[in-house]
Structure formats: C-alpha cells, structure tokens
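As structure tokens, here come the structures.
Each of the two complexes below includes subunit A, the first together with subunit B, the second together with subunit C.
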Partner chain A sequence: MVEPVLLWRRLVGAQIRSQFQYRVSFVLDLAGNFLISFVDFLAVLVIFHNVHRLGTWNVREVAFLYAFSSISFALTDLVIGHLDQFPQKIRDGTFDILLVRPRSTLFQVIGSDFQMRRLGKAIQGAIVLAYVIGSLHVQWDAGRIAMFVVMVPAAIVIFSSVWVVAGCLAFWTTDGGEFANAFTYGGNFLAQYPIDILSVWLRRFLAYIVPLAFVCYFPALYILDKRDTLGLPRFVDFLSPVVALVAAGVAGVTWQFAVRHYRSAGG
Partner chain B sequence: MIEVEQLSKRFVVRRGRVRRDRQVIEAVKEISFRVERGELLGYLGPNGAGKSTTIKMLTGILVPSSGRVSVAGLDPSRRRIELARKIGAMFGQRVQLWWDLPLEDSFDLLRHIYKVPPDRYRTSLARFREVLDLDPFLQTPVRQLSLGQRIRGELTAAMLHGPELLFLDEPTIGLDVVAKQRVRDFLIEINRDEGVTVLLTTHDLGDIERLCNRLLVIDHGSLIWDGQISDLKERYGAERTLIVDLEEPAPPLELDGARVERVDGPRQWLRFRGSAAELTARVAAATRLVDLQIAEPDIEEIVRRIYSQGS
Partner chain C sequence: MRLDWEIAKVGWRRYAAYPWATAAGIFTNTVFGFIQAYILLAVYEHRSDVGGYDATDTLTYVFLAQALIMTVYMFGWQELALRIRDGSIATDLSRPLDPQRYWLAYDLGRAPYHFVFRGVLPFVFGALVFAFHYPTVPDAFAFVLSVVLAVIVSLGFRFLYNSSAFWFVDVRGVMMVSLTVSLFFSGMVMPLSFFPSWLRTLAHALPFASIMQTPIDIWLGKHHGAALVGVIALQAFWGLVFLGLGRLTLRAGRQKLVIQGG
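Presenting the complex of A and B:
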C-alpha cells in the first residue's frame, strides 16, 4: 500500500517542480484561479441580497456549505482534475503506453498531472470558511470535530469517484468531455447549495444515485444541527465516509470494466 | 520468445449516425508465427494491414478475438503487468516521456514505475548515455528536444528496465540520415551484445535491409510472407540489372536471357536472371565493353510486388 503512494508523490513532485520553473506564470495562474472563484461566491451573496433564507438555511450556513464544497472540489481538481484530458489520450493512442507499463492504468492517469494553480480555489474556500465559522455558533464537541476532519477527505473521494465513472464514458465515445463536465462542474454547483432548494426527485437522485449530497450536505446538517428534508434518519448524516468507500469501489470496478471494453474493442 | 497460433482480431464498426449498421472488420486473420530468442525481425505491411493490431495483441494492450499468443512464456492480455516488466515498447509517434520534465527526470520516474534497483539503473543509464550520446540534452525538457534526440530518449526509456524483448513501431520515422544510423547501430548492438529480441514495424526498407534477417509481411490481415530476406529477393526479385558502359553509343543490345531496359549514350541497363558472369561474357563478345556494374534488386520494388501479388 505504501509503495504506490510514494510513487504517486514522486510523479506529482516532478510535475510540481516543473511548474515552479515558470514562477511568474505559476503565480498569475494561482491568483487568477483564486479570484475567479470569488465570482462563484458572489452568486451566493447576490441570492441572499434578495432572499433571507433558502429553505431553512441562512446566509452563514450556505456560506459554510459553499466553503466546504469549494475546498473539496478544488482539492479533487488538484488530484484528478486532468481526468478531463484523458479522452485525448485515448484518441491519440497514448493510453496504450500506460498499458505496457507494469502499473494500474487508473493509477497512472491520476499520477500524470497535478496542477498546483488549482489550489487558488481551495484557498478562497478556506478564507470563506474562516470568515463564517465564528458566527455559526457551532457546539464543537468531539463528534463534530471528528466530522469536520473527516468531511473533506470523504468529499474528495466521493467527487473523485463520480468523476472517474463519468470519465469512463470516454472509452466508448472517445469524446465524452462535455457529458463528464456535467458531473464535475455540475456536481460542484449542486454540492454548494442545500439540496432543500431542489425538487424532491433531484434530491433523491443526489442522495441515492450520484451521492453528491454526501459531499457536504449531510455532514453539514450534523455540524450545524439541522434536519434534512427527505425525512431520512439522523444516522445518514454520518454516512459520508462509508458512502465514500462504496463510491470508490464502484468507480474502481467501472474503470476496470471500461478498460476491459477498450482492450477488446481497440482504440 | 513469441508464439502465435491462428491469431485473429475482429472489430465491430458502426457506420452511419442514425441507422447504426454493424460491420465486423477482421483486422488480423488467423496468423501464426514463432520468434526465437535473439532474433531481430522486421514486420512490414501497408497502412491498415494489421501491423499495429498484431503488436497490440503481443504487448497485452488488446485482447485477441481468437487464437493463442504467448510472449516470454506469458499470455499477454491476461498477465499484462507481469509481461510489462519483461518487454520494452516504443511507438515512434507517441511520446512516452514526460513532456515538461527534463529527460533525466523521465528516466528517474520510469525507474520507480518499473522498480529497477538503483545500481542496475545507474549502470544501464551510464551505458545508454554513452552509446546514444545523451549527455548534451539530459537536463533539457523533452518538449525542447529535436526529434532525433527525443527518439534516443524514448529508446533509452524502453530499455531502462532491461527487457528481454523490444517492440518498436516505426523507430526511425522522420529521422535524418545520421540519426537513423545511430538508432540502427544501437539496435544492432543491444541485439548482439545482450541478446535482446527485437521486433520492429517500419515503412523504411533501409531499416529492414540493414537490421533484419527475417521479415514478416502482413497485408489485409493475413501473413503473406515469413522468411529470410535473401529468399525474398530470390523469389520476388530474381531479376538483377547489369549496367554496361560501351566504347561508343550503340543501339540496344540483343542478347539471350537479357532485355535492355534503358539506353543513355554509351550506357545501357540490362535486366537479367541467372549468372552475371555469363551475361558479361556475352556482352563482351558482342561489342567492346569499357566498364560494368551490377545492381541488386531494390527491396522497395520487391515489397511492391509482394503487395500486388499477395492480396
């Protein structure tokens, strides 16, 4: 288990070193990424300029949700965001090169890039979180602190799994980029707002099928001591880590299935 | 080293956007061949003949539709990862090095991907640096390398983990004469000194002539030739050309067993089969001969003939 992690660090470390070689360009990219994500947050503020509540959520609670979703999304983007370039690998045949190396293909795709500039959005999310958390009056007991710690890693795993499954489409269409974007950027959008504002069917879809409600919504319910609107039992609020593991399993199996299809149908 | 029996690969292609007609294309049709350890052989065929599909099945990228393959004692499609440690592959057009990193960083990453022990890595890298003269650009990012430099880098990358078998797809495409020669010398050397088995596909017949003893030719998915290059010449290109310089311009010579292909002043080109000595004697008897040379059949022409007859 340790060896692949070390190898991943090595692969990513080499990418980071090369990005630092162009310091000015890197700093501009990072700053651009940081600033552009404020526009996202501006949208939240604009909504609350016109209404006082979204369902049972006030502006501070939505900002909390937003911040968590942004951090998780940005870190996912950092680790596997280049998955959206991988249809290109299939089209130009460089995916074959990964198949003649003695490593899992998913591992190699994940380790093939690491865009540090994507940290810009995570920094922005962290600033929003720091700004809003004091005014939320959360009772920080052991359970809530534990949830706070586990929430982001679980969210990253869930986001990643959804992206991998959506990315697998490229094995059939060799150009599923836009469809996959609906799940990546669309997923981020859905995770930023309380699902209360959505129709019941969409809420169910996010809770039971594409588990984006577990990215931030359910953990936030627990931390902020709120009730969900689907009438699910309270223990569901704690399920994110479990959902993350299941999602990762489903993603792994889907990937294997897709690669098997590619290897029998040819690129 | 390689055993292939009745190997086939069929693809389902869908045509049309609305009515999706299914059409089965047989890219490789029941081919069989064996390659012994230490061979250096060429795999030749026009575009779309099934070369790449065969190589992909041998390297474990594609799963065969039917037939049996064994490479280095393993079934490639089932034991892809194990096989990957024993083989090296270079696909001339596709970059396997890290585009933005210095060449040496790519090698270092590959060392870890293949888990090559540090001391073995050092020895083999030192050797490739010398043979392929890598030192001038070892610290240069790959995207800044010339094609020739990059190919030398790619060859090193394919060989660093000490494979027993090397697959090369168009290794010299686009290279200038000097770079081509360097790549060829390198392949001859690793084949001779380390006994690495080499299978290369190419459109460059110079590669075939200078490197390979044995040639496989595939067309329309079927193997249409498997044998020595000398046999190929005998069978498909038995006609040689005797170029004679006469003392003065003359009408085309009329001789048994030879026909004049071209006349240019005192020089005549005679196509013939059989003994060059006999024909020379006959020319000398018929007219005054100043000088002569013999041209061997051009492999390019031979291959053209195989393609036109074989299909």
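Presenting the complex of A and C:
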C-alpha cells in the first residue's frame, strides 16, 4: 500500500519540478486558468441579474454549488489529469509500453498528467466560496462540518470515476476522445446548478445513473438546510461517500474490462 | 481562386477524416445544449421576457449556439502559433502564397464541414424535445451569409492572437485571455440579451458579438430592413479590421522572425 504512494509522489514530483523550470509560462498558465474560470461564474451572475431564484435556490446558494463544483473539478483535474493524452496512446500504439510495465495501467495513466496550473481554477472556486460562505448563515454543527470536510474528497472520487468510465470509450472509438468531454466539462457544468431544475429524463440519466447529483447537490442540501423539491428521503443527502466508493469500484472494473479489449495498433 | 478552392477542400478533408470525433462532438454539444436549456428555462418560470427574448427564442438560441460553436471555432485554435514556434512559418513565408490567405481559405473549407456535420444534429435533437423559432426564407439566407461572415471575423481574430507567437515564446497566456474575452462577449456562454443593459451595450460595441450573437439574432428575426443590412455590414467591417490587423502583425513579425536551428 505504501509503495504505490511513494512511487506516485516521485512521478508527480518530477512533473512539478519540470513545470517550475519555465516560471513565466507557469505563472501565465495559472493566471489564464484562473481567469477563464470566471466566465462560468459570470454566467451565474448574469442569470441572477434576471431572476432572484432559480427553482428554490438564490444566488448565494448557487454560488456555493458553483464553488464546490469548481474546486472538486479542478482538484480532480489536478490529480488524475484530463485523461486526454491516453486516447493518443491508444491511437499510436504506445499504450503497449504501459502494459509491459509492472504497475497497473490506470495508475500509470493517472500518474502521468499532473499539471499544477490546474490549481488556477481551484483558487478561483475557493475565492467564490470564501466570498459567499459568510452570507449563507449556515448552522455549523458537527454534522455539517463533517459533511463540509468529506464533500470535496467524495466529489473528487465521483468525478474521477465518471471520467475514467467515459475515458474507457477511447478503447473502442480511437478518435472519439471528445465523448468524455460531455461528462467531464459537462459534469462540472451540471453540478454547478441545482439539479431539480432539469427535466426528469435528463435528471435520471445525468444525476443518478451518472451520479453527478452526489457531487454537490445532495451534500449542499444538507449543509444549507434545504429540502429536495423532488421529495427524496433525507438520508440521500448523506450518501455521497457511499456513492463515491461504489463509483470507484465500477470505474475500476470498467477499466479492467476495457484494457482486456485493447488491441495494439502496433506502435 | 482555383488555389483557394483546393486549400478549402483540404480544410474540409482534414476534419472529415475523423468520423468518431464528429460523433463524439455531436453528443457533447447536445448534452451541453440540454443542460443549458433547462437552466435558462428555469429563469422563465418567473418572467416571460428577458431582454426581448421569450422562452422559445432562448431555447432556439441555446441550440443554435451549440450548433455554431465548431463552425465559428470558438475554442483554442493554435495551428499558426505552433508553426511560428517550431519555425515552420519560415517555409510558409517563403511560399508564393500569403499565409493569411491560406488559413482563410482553409478555414472556409473547414467551417462548412462543421456546420453540416457538427451543427445540424445537435439542433435536430433539440428540436425533437423543444419547439423552436424558425426563420423566414429571407432571414434564412441572411443567416447563412451572416455565419460566413462570423467565420471570417473569428478566423481574423484567431489569426491575430496566434501571430503574437512572433513575440512570445509561449502564447498560452495570450490565448487564454483572448478566449475568455471572446467566449463571454460573443454570447457563447450566455445570450447577450440576458446581460444587464450597460454590459450588453459594451458587448455590442465589441467585435465578438459578430461571431455568435449576430447570426443567431438574424435567425430569430430580431433585425429587419436597414437594421439587418447594418448588422451584416458591421460583421464585414470587423472581419476587415481583424484581417487588416493580422496583415500588419504578420508584416511586423516577418521582420522580427529568428529561426532557431533547422
């Protein structure tokens, strides 16, 4: 158990050092990620310029969802990367190299794309969170603090699992890497808004089957002391960590199944 | 002209070569369209008009924007910047063909491919679920003309920020800023009709509305007669401005160019 962690630290450490070699580039990248993240938040503000409430949610509550989703998305992106380099590996056959190394392929794919600049988006989310948290009047009891602490790690695991499953499609459609975008960027977009404003079929598919509602929506219901307008029982609010574990299991199995399907292009 | 036509065919074929990428893109654009459609529909629970758009206009807008996103190529295009960085631009400049003309012809070949194969289906999927606004025949012709001009404005702008690579080793910073500003002010992220009036005025004074908001407004029948001619002329104007500025930077860059090795 310790050994993979040490190895991962070495892999990531090497990447961080290489990224710090070009300091100006790095700072510009970080600033760029920070800046472009504001576009989505401006969209939220533009919407609330026109209405006071979206469903039962006011601007501060949606900003809370937005901030949590952004932070989780950015940290997921930081840790597992965008998985967008590995379709390339499948296309040109260099995925073979991963197969002959004595570590799991998923571990190698995840460990090879650690980009510090992705912190830019997380910083932006954290600023939005810091700005709204005071005005939300949350009753900070032990349960809510615990949820607050667990929420982001659970969200990262859910996002990661969804991305891995979506990424597996690349094993079948060598140049269809963009399918995953619907679930990565699309998932982030969806998680920024209360899911009860979606229509039933979209909600069932994207919120429950692809469990994006558990990224922010349900934990936020509990922290903000809101009721689900769809009448789901309250214990659902606490299910995110469980959903995260199940999702991770599904992702692991799917990945193994997909790798078995892999046929080398002969790189 | 014959040469431009051949280059345009290359632009088309380059993207036609990856059918799965096209299918994946259609799926993604459709998913985004539906998410955004339901978010904005929630706004109409409280009111029936936002900046002159009713709910039908807004739904049509959302799916047209998803349909046009690849046609006008909103997201990072950096082929020129990469050619400047790795020095291939030197070869381009020594050819008896102007690079800007090359990329314009190439882009005008690429755009119809994306319009037909990336644009039509997401819109059709949206139309299966929602009732859309459809243009009159004259508006439809004006829309097509406006989309062509939008592609030219967009290419002009992309060419311009790409050519900053003559001066910067790493253009990602410039690209990110250009992308942020153009995404927001074109109406891609949110229809400009949703903006507060001062911000809308600013957005319409900038060139980026010509890339997205203008063609969609024409489809929605928001411009008539002289106003219609006016917005199309404005698109042509911004296209010429960007292409003109692109020429100037290319000329200045040519003086500046130093090729490492090779």
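Rule of thumb we're sticking to: the second predicted complex is superposed on the first by the 259 of 267 C-alpha atoms of A that agree within 3 Å, B and C clash if a C-alpha of one lies under 4 Å from a C-alpha of the other, contacts with A are read in each partner's own complex, and residues count from 1 in each chain.
Note that a contact is a pair of C-beta atoms (placed from the backbone, for glycine too) under 8 Å apart; a residue touches a chain by one contact, two chains touch by 3 or more.
Bear in mind that the values here come from a model prediction, so they are computed numbers and not experimental data.
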Side-by-side fit of subunit B and subunit C on subunit A, or clash: fit
Which of subunit B and subunit C A:Val2 touches, first, second, both or neither: neither
Which of subunit B and subunit C A:Val46 touches, first, second, both or neither: second
Which of subunit B and subunit C A:Leu28 touches, first, second, both or neither: second
Contacts of A:Pro102 with subunit B and subunit C, given as first, second, both or neither: first
Which of subunit B and subunit C A:Phe179 touches, first, second, both or neither: second
Touched partner set for A:Leu202, first subunit B, second subunit C, both or neither: second
Residues of subunit A touched, compared between subunit B and subunit C (which is higher): C
Lowest C-alpha to C-alpha distance for subunit C against subunit B (Å): 9
Complex interface listing, subunit B residues touching subunit A: 9, 11-12, 27, 53, 56, 59-63, 65, 77, 80-82, 84-85, 87, 89, 91, 93-96, 98, 100-101, 105, 108-109, 112-115, 141
Interfacial residue positions of subunit A with respect to subunit B in the complex: 7, 10-11, 14-15, 17-18, 92-94, 96-97, 99-103, 108, 260, 263-266
Touch list for subunit C against partner subunit A, complex: 18, 20-21, 23-25, 27-28, 31-32, 34-36, 38-43, 45-47, 50, 169-170, 172-173, 175-177, 179-180, 183-184, 189-190, 194-196
Subunit C-facing residues of subunit A, complex: 22, 24-25, 28-29, 31-33, 35-36, 38-40, 42-43, 46-47, 49-55, 173-179, 181-182, 185-186, 189-190, 193, 197-199, 202, 206
